[in-house]
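Pasting a structure below so you can have a look.
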Amino acid sequence: MAGDSAVGRRAGKATMAGRLAADLGLALVGADLPLSRVAPLHAADASCLSFLADRRYRSRLMDTKAGAVILRQADADAAPCAVLIADNPELAFARAAAVLHPRAAAAAGIHPTAVVDDSASVDGAASIGPFCVLEAGVTVAAGVEMGPHCCIGAGTSIGPDTRLVAHIVVCAGAAIGARVLLHPGAVIGREGFGFARDGERWVRIPQVGGVRLGDDVEIGANTTVDRGAIEDTVIADGVKIDNLVQIGHNVVIGANTAMAACSGISGSTRIGARCTVAGAVGMAGHLHIADDVHFTGMAMVTRSQSEAGVYSSGIPAMPNADWRRTIGRLRRLESLERRVQRVEEALASRKTGGAEPSPD
Amino acid sequence: MAGDSAVGRRAGKATMAGRLAADLGLALVGADLPLSRVAPLHAADASCLSFLADRRYRSRLMDTKAGAVILRQADADAAPCAVLIADNPELAFARAAAVLHPRAAAAAGIHPTAVVDDSASVDGAASIGPFCVLEAGVTVAAGVEMGPHCCIGAGTSIGPDTRLVAHIVVCAGAAIGARVLLHPGAVIGREGFGFARDGERWVRIPQVGGVRLGDDVEIGANTTVDRGAIEDTVIADGVKIDNLVQIGHNVVIGANTAMAACSGISGSTRIGARCTVAGAVGMAGHLHIADDVHFTGMAMVTRSQSEAGVYSSGIPAMPNADWRRTIGRLRRLESLERRVQRVEEALASRKTGGAEPSPD
Amino acid sequence: MAGDSAVGRRAGKATMAGRLAADLGLALVGADLPLSRVAPLHAADASCLSFLADRRYRSRLMDTKAGAVILRQADADAAPCAVLIADNPELAFARAAAVLHPRAAAAAGIHPTAVVDDSASVDGAASIGPFCVLEAGVTVAAGVEMGPHCCIGAGTSIGPDTRLVAHIVVCAGAAIGARVLLHPGAVIGREGFGFARDGERWVRIPQVGGVRLGDDVEIGANTTVDRGAIEDTVIADGVKIDNLVQIGHNVVIGANTAMAACSGISGSTRIGARCTVAGAVGMAGHLHIADDVHFTGMAMVTRSQSEAGVYSSGIPAMPNADWRRTIGRLRRLESLERRVQRVEEALASRKTGGAEPSPD
């Protein structure tokens, strides 16, 4: 399906290491072998390109059977094979892997089973897969790849070279940028969780805001991004969001912020640029998070953070018996504080000849 | 798609403020202007209706360019424009927004691409979207709007005016009430997580119970509600559930309870009426939660709660270094308790001329 | 839809208790009645088979109106009806329920609306539902039941008797075993969350690994299992995963491990065999978890665990006021430690005639 690269990325025809080095602007030191695929150091053979980014794995480097390895100059001496020197081996590897495992692009055109409204505009160089539904006024730019079973609501615009892998729902009026990647099951722009109380009952507040995804945004599988209640929900350029994440209405996420899976951002919270949010983080609503803030996994974010830095919470798992004792001690903290106070008073009274503290 | 209101809710033709006030039973004070859309106080122009519910925003009220504002009598004096007086401004605004931004109803009828079993019964005033699949014996009442790619399992009944936005799976035998709203990706009635052990292996226990959603229920995007194991899973009237929530088999949720995103309710737990469950709350199984219980975000609910009230847990995020020290102190609590005890013994022994405590 | 058994599991024709006992290898004590369905002890009538596994429910047993009950020999005396004696009543009940509520198998064949690539190979005894999309080189074995709206990426193989209920996306090149059960909305093999930094921007690292699901694996509704980055993501035989779970790239899960809903496993973590992971557990990446490790609900797993056992974390919910005080005491722990130290010093100085501690 569109953007489904697994088989497309199976080894293509081999590329010479020297050619690869030239294309990536790297220095090749050693034999100019043909390379046909990428592999980890420990599993590579002579046809494989591998990489070393973390020096802790230097021992694996020494033992590798890879034909060539991308690494830093400082690690080159330890390599038993040809090396491609890079300041940022991981980045160079990402680019090399894209060369060795080119993605199979979907053929342009609209699949005959797709239901496309007469008023929708689909560029001739876009690909619309089987059973897609494009409602009135949808615009699809050149290079878009839309896999099977995507529903695009009325008036939505999709920018160039954006991939919708499969099974994606984009509700009406959404604005999707260029080179966006939407993974299967993502739901963009549903009406958010906004209600007014009418006695015991809840009355839905119409959600009239929109949702905008900038360029180079990525939204994970089964992740949900709600439209705004009255203003827009905004995901800025370069934001990467993993699977099963909830983005509430009116949330604004700054450029190049990355969020790992299972996190939830409550309504109207604003997150800065270049932040990282690890897995299963929860954020309350109406918070302001500064740029360059980093939350570790399962952090419970209940306050705005105006300072860049790393923030954390949560108790790491321990053997169940230890945990039960720890919880018990937490419950006894009040009495422990009282005991300490009594002891302090007793010591003070000694000096002043006062009375002993009464028992608890 | 069905129920996809974003564009449907774009400004329709203007409504006079006086007409709106009359329809909503509110008093209009000031000029009877035409209003064409809703907007927040700070972004409104003369064609906009806005509202003030939280008095902390009175300063925004004073500066607003809105044509009219819904607010309480007590705030009317601060408005620079026409006002509509309401006891519950948020509720009045919800209704006004529905007037100014009417939802575009889907046309009645069955899309030619839908696959509808001969034994299914679809009311003539219902709308079935492209690529829907209705299995044997499904009944669909008048006013139902079903968007693209919905799968409705055999024997399921769907009540009047219920909206299935798109991409919804309702497994066989489900009973869906009236005016229900199911958001994209919701899965209703899948076989729950029930297994018997057979040595090391797990053997599935057939899940023969059903699932019932009452009237005015809302189920969020990509939320999953499992069918009962042997009795039914029941979501009572007026319950509102946000995105990415898991409702286990045999769970019973009382009327007008609301649950925010990313929460999970384990099997056979019963939640009362009028409860609120904030985001990312986890509940163990087989609990009984009373009416009017409120859980704050990320609460870990391991015990039944028979008393109405607010319940919480979890440590708010703090700078990582502080958090590491806090975890360290938690680990030292045991020795701290011992130290306090020794000190107490030392003081007691002073009185009785006893020995000093031995060092740790 | 395929595997949607609810209505299929409605009472079929009655089965005699004696016949059932013989089929399951159980001893029948009492009248050989016709049984037509399963029911819980308290809701059963004379046509129902029930069971007692947990002795705490013996009182319900004494009051049951069931025609027959599966139970242990030790509980037989308390039954007012016929009994089927089993060492593992829950397991026997699971098998009996499957007999009394047989699943309606889907008819073999490819639905005319399905889009199947010419190079795909579908066994004549497999069932492919409406609007399914099978890409190039897909192989589907005998007995497979694929419900509506499934997308199967190029080169994927699906083993015999595997059920894809509906709305499932399997990305290209996946290997799915025999008797696997994939629930609606599951996404198997999407490209995982792997990026290299390029200054402030994130550059996707092509995910060229695969994903393998062993035999008898179950994947819950809207659960996501990412493909490997460079090696494979592997879910071993008999693993059961609940709804809304995230499995990151390169994760390896050992045989017969079970994971409850809303959990998230970060990339490259390896979990042993026979583990249980309760709901909403979060695991960091690159961990090694031994066999027979059990995590309780909402545990925050940040370290590898080499020892079998039960591990926990998290603070159980309490009344909000108590919780606020507890958090306050946690914040005061540092000063409490200092106070205890001062008291200890004061006592020591008494012995040595030293000075009083200075106030805080």
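Which chain is which? They are A, B and C, in the order written, and residues in each are numbered from 1.
The criterion applied here is as follows: contacts are C-beta pairs under 8 Å (C-beta built on N, C-alpha and C of every residue); 3 or more make two chains touch, one makes a residue touch a chain.
Owing to the predicted nature of the structure, the values given are computational and were not obtained by experimental measurement.
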> Taking a step as a move to a touching chain, how many steps at least join chain B to chain C?
Replying inline: 1
>> Given that chain A and chain B are copies and touch, would you call their interface same or different according to whether over half of its residue numbers are shared?
In response: different
> Distance from the CA centroid of chain A to that of chain B, rounded to the nearest Å?
Replying inline: 24
>> For chain B, give me the residues that contact two or more of the other chains.
In response: 113, 131, 149, 167, 185, 222, 244, 262, 280, 314-316, 330, 333, 336, 340, 343, 347
> Considering the complex alone, what residue numbers of chain B touch chain A?
Replying inline: 1, 3-10, 37-40, 43, 88, 90-91, 93-95, 97-98, 101, 103, 111, 113, 129-131, 147-149, 165-167, 181, 183-185, 216, 218, 220-222, 238, 240, 242-244, 255-256, 258, 260-262, 273-274, 279-280, 297-298, 314-320, 323-324, 327, 330-331, 333-334, 336-337, 340, 343-344, 347, 350-351
> Which residues of chain A touch chain B in their complex?
Replying inline: 113, 115, 131, 133, 135-137, 149, 151, 153-155, 167, 169, 171-174, 185, 187, 189-191, 193, 195-198, 200-208, 210, 222, 224, 226-227, 230-231, 244, 246, 248, 262, 264, 266, 280, 282, 284, 295-296, 299-303, 309-316, 325-326, 329-330, 332-333, 336, 339-340, 343, 346-347, 350, 356
